[in-house]
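In what comes next, chain A is part of two complexes: it sits with chain B in the first one and with chain C in the second one.
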Partner chain A sequence: MTSQSKIKRGVTLYSFQEEYFLRQLSLEQIIAVCAQLDIPGIEIIGDQMIPNYPNISDEFVKQWHGWMDKYGRTPVCLDMFLDWNKYKGRVMTDDERFESVVHDIHNAHKLGCTVIRVIHDVEPALLEKLAPTAEKHNVKLALEIHAPSYFDSPLEQRLVEMFRRVQSPSLCFTLDMGVFTKFQPRVASDRFLREGMKPEIVQYLIEAYNTRTLPSSHELGKRNDALPKKILEMGGREADIYWAMMGTHSVYSDLALLRDYLPYVKHIHGKFWEMLPEGREFSIPYDEIVPILIEGGYDGYIDSEYEGNRWIQDAFTVDSAAQVGLHQAMLKRLLGEA
Partner chain B sequence: MYDKYLIVGEAFKNVVEGGQVTGYQIGLRLPYYRGVVLSLVGETILTVDGERAPAEAMTVTLRGKTYPKTQFEDEPVAKWEFGDIGIVTVAKPGGLKPGEHKVELRQQMKISYVPGGFWGGDTKTLTLPG
Partner chain C sequence: MNPDPAPASEARAKDRSFLVSEDIRPGVRAGRPGYLIRVRLTSYRSLPLSCIENIELRVDGAPVEPERLTLILNGSGHKLPELGRLSHLWWWILDYADLFVESAAPLAPGEHLVEGTLVTVEPYVTGGRFSFYYPSQKRLSVAQDL
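What follows is the complex of A and B.
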């Protein structure tokens, strides 16, 4: 099986945000942990762990490459944001948006990253205009498909149409595995209980999510009035509506479409909330997904992306390295490395 | 996210200038997973024992530089880095009485890809040193 799969393993340092936030681990120490966990590829959010991003100092660039050499890791992906609302009283002009992403492309190039995770609210026309710059710097602009969106959502369909027309090797998707959340994450429903939600409402949310009967929670761009109404009918509080909306907005999308659109996917976020000791994710059926990626000839990275910390940090000590280690062990098994 | 870490009690104290107590200080973090420029940090609703600190009376010191809170919206370059503790100074002649205080925070984040932005919050009972 090893010879068949060209898929590479990586991790986004987003996974270690808890320890970085609390200044328990420095960036260098996190990269050292990645080496200990035998994770080849490194992804970084500029705004999270690079001081003064997007204005990266030469000193940082030198340090970064020094760490990559010292710990034997490979830079893979830089995650960007487009803060188009950062100027008082107006939104960014098209030219400012263009320059902002050009800056990210230059930064990715300096850091040795060949992929930029593009945030979801970037227009196809801007990406098309950026393609020549990205190609010149050997960087892929991979717009992230993230729940509740999927390949068949309106923006994604416009992008696919543009990708087909432009035929640039630099235009593609990042796919977040959270779109295949088959079961309601337990870390979220446990949190609902700790926040004082009535157990019968929690039970309803779990069952409704798992049976895809949650009222109209995934209609893009539309206000969801049905779920709040249902929660209030069950005797819930305003706070319960907040937690329910926050904690049930994943989707379990059609895996058949993954086969069709896989050629446009050049980067993957291996999202997870809770790795179980026996080596599977509580909600996302990786054992159903990874074989499709192998069969489809996907040859990019799967970067582990731990997002459970935000659900458990109120009550438990977060151990990101342990969770990432279990996720990587699962990937090794599914990729035939184990 | 990070709600329970937003109010940092270690920095809670009165500010003395020229022998006068001119206000109080407290440490705050942002409820978000990345650093942002100050113009994306929205309203800071900080109350001590129910009394709200006016934005006009508030400055935030980040990595040695001090910014008036009312000027945050004019600052699209300087950043509040991820996890950094901003030292918030609230001008209040006489400061706060030593002893226990209930401190509440609601912090708005103006993040463009989240329609309407979002809020984080924290509540702590802290002891002001005498």
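What follows is the complex of A and C.
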């Protein structure tokens, strides 16, 4: 591996949500941990770690930049939600949606972030309308492709068509590496067992996921009735259906398409479920993915995103820093930094 | 949808549950006596109060009528039917709130079985306004008089 890659490393602070929620680590302490772990780029969810978001105070903005200077980190990405159903009894109007994202763009600019992770389902027409504002503030609106969607899904195809037509430097994708979940995450199947699911059902789910024979309708917008039926047939409980639906909804998408669509990807969520001590992710084959990113000339950030915390917190003490540290060490190795 | 059946996992999941492991405190609100139970948001992100669909409470197995409940956040009290209109007030994930339960008779000293369910809407879900249920159950003591 040469060290010619222009790919940069970062972390989304979402990864530290357990310690943050339990008040074991403050926002400043998390940023300090990022410095200790030698992670240059910082991504933040406004609604998670910024008081009174979306109305960020000047005091917070000052403190934020102070922390970035003190710990030598670079703000990279602000994660937004578009809260369509915020109002009871009606959905947001088109104007409210526009204003909501404009507010996010201003917030990203204030925080020094050059990317906004746009939540899935935002319509191409809205993004097109927002492009001039985003360009003016040097912010990329990067809609997140997240399992079970992929480049060839209907919304993504409409977005690509719009990207090609509009040619704005501010319109692009965030790609979540969860779309390359090759093996059923063990943290999830272990949780199924702790929740009292019959071992033979758990074993079935693991094997069916790994062999792509799970009776799941990953067709968007359709209810997946096949999997609940199968679980009940095997003697499972209603609760088992919930856990199975939650824990097996990843996908393993075609890596060949990544080569084709990489030019539209300007940000990456380095999703991981469980880093093994030898520096490998249990489910996602980073050693197959990262070389494609390097060859394709990807020059944005890969931000580690630890997702295993929520699966193990019922039974184990979460150590997000240890897990993020292993993920970053793996990235360094694959990027030729190690 | 029933997001958290979780009977096997009470041991640690309680740390992020709706009911906080703190004593029940006596209180008075608008001249009416009652008691306060500390609660927090279970979501990984902040929510506007318009996305708190409901709060269900049982004490020692008996359901508490919704009209006896007031959610107190950042010093302001809100009755449950008011929450739907409060899209401008955000419940930040680190903020504790109190649930004031109007009660003419004080709770007896000692432990009580408290069951609380927070019902929320994830406002970014585009498919509709779906309810998510976050049940929790704790044995909480009544605070001794200071």
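Keep in mind that, in the parts below, the second predicted complex is superposed on the first by the 334 of 338 C-alpha atoms of A that agree within 3 Å, B and C clash if a C-alpha of one lies under 4 Å from a C-alpha of the other, contacts with A are read in each partner's own complex, and residues count from 1 in each chain.
By our rule, contacts are C-beta pairs under 8 Å (C-beta built on N, C-alpha and C of every residue); 3 or more make two chains touch, one makes a residue touch a chain.
Remember, it's a predicted structure, so these values are computed and weren't measured experimentally.
In the three-chain model built by superposing on chain A, chain B clashes with chain C.
Number of chain A residues touched is higher for C, counting chain B against chain C. Once the two complexes are overlaid on the shared chain, A:Ile119 sits against chain B and chain C alike.
In the superposition on chain A, A:Glu238 makes contact with chain C only, not with chain B.
Within the superposed three-chain model, A:Phe21 lies in touch with chain B and with chain C [touch as defined at top].
When the two structures are aligned on the shared chain, A:Leu37 is found in touch with neither chain B nor chain C. By the touch criterion defined above, A:Arg194 lies against chain C but remains apart from chain B after alignment on the C-alpha atoms of chain A. In the superposition on chain A, chain A positions 14, 17, 20-23, 45, 47-48, 51-53, 81-88, 119, 121, 310, 313-314 are in contact with chain B in one complex as well as with chain C in the other. Those residues of chain A that touch chain C in the complex are listed here as 14, 17, 20-23, 45, 47-48, 51-53, 81-89, 119, 121, 194-196, 221, 238-239, 242-243, 246, 310, 313-316.
Every residue of chain A that touches chain B in the complex is listed here, in rising order: 14, 17, 20-23, 45, 47-49, 51-53, 81-88, 119-121, 310, 313-314. By the touch criterion given at the top, residues 1-5, 29, 33-37, 39-40, 73-74, 76, 79, 81-83, 110, 112-113 of chain B touch chain A in their complex. Listed in rising order, the residues of chain C touching chain A in the complex are 1-3, 5-9, 11-13, 15-16, 44-46, 48, 50-51, 84-85, 87, 90, 92-94, 121-129.
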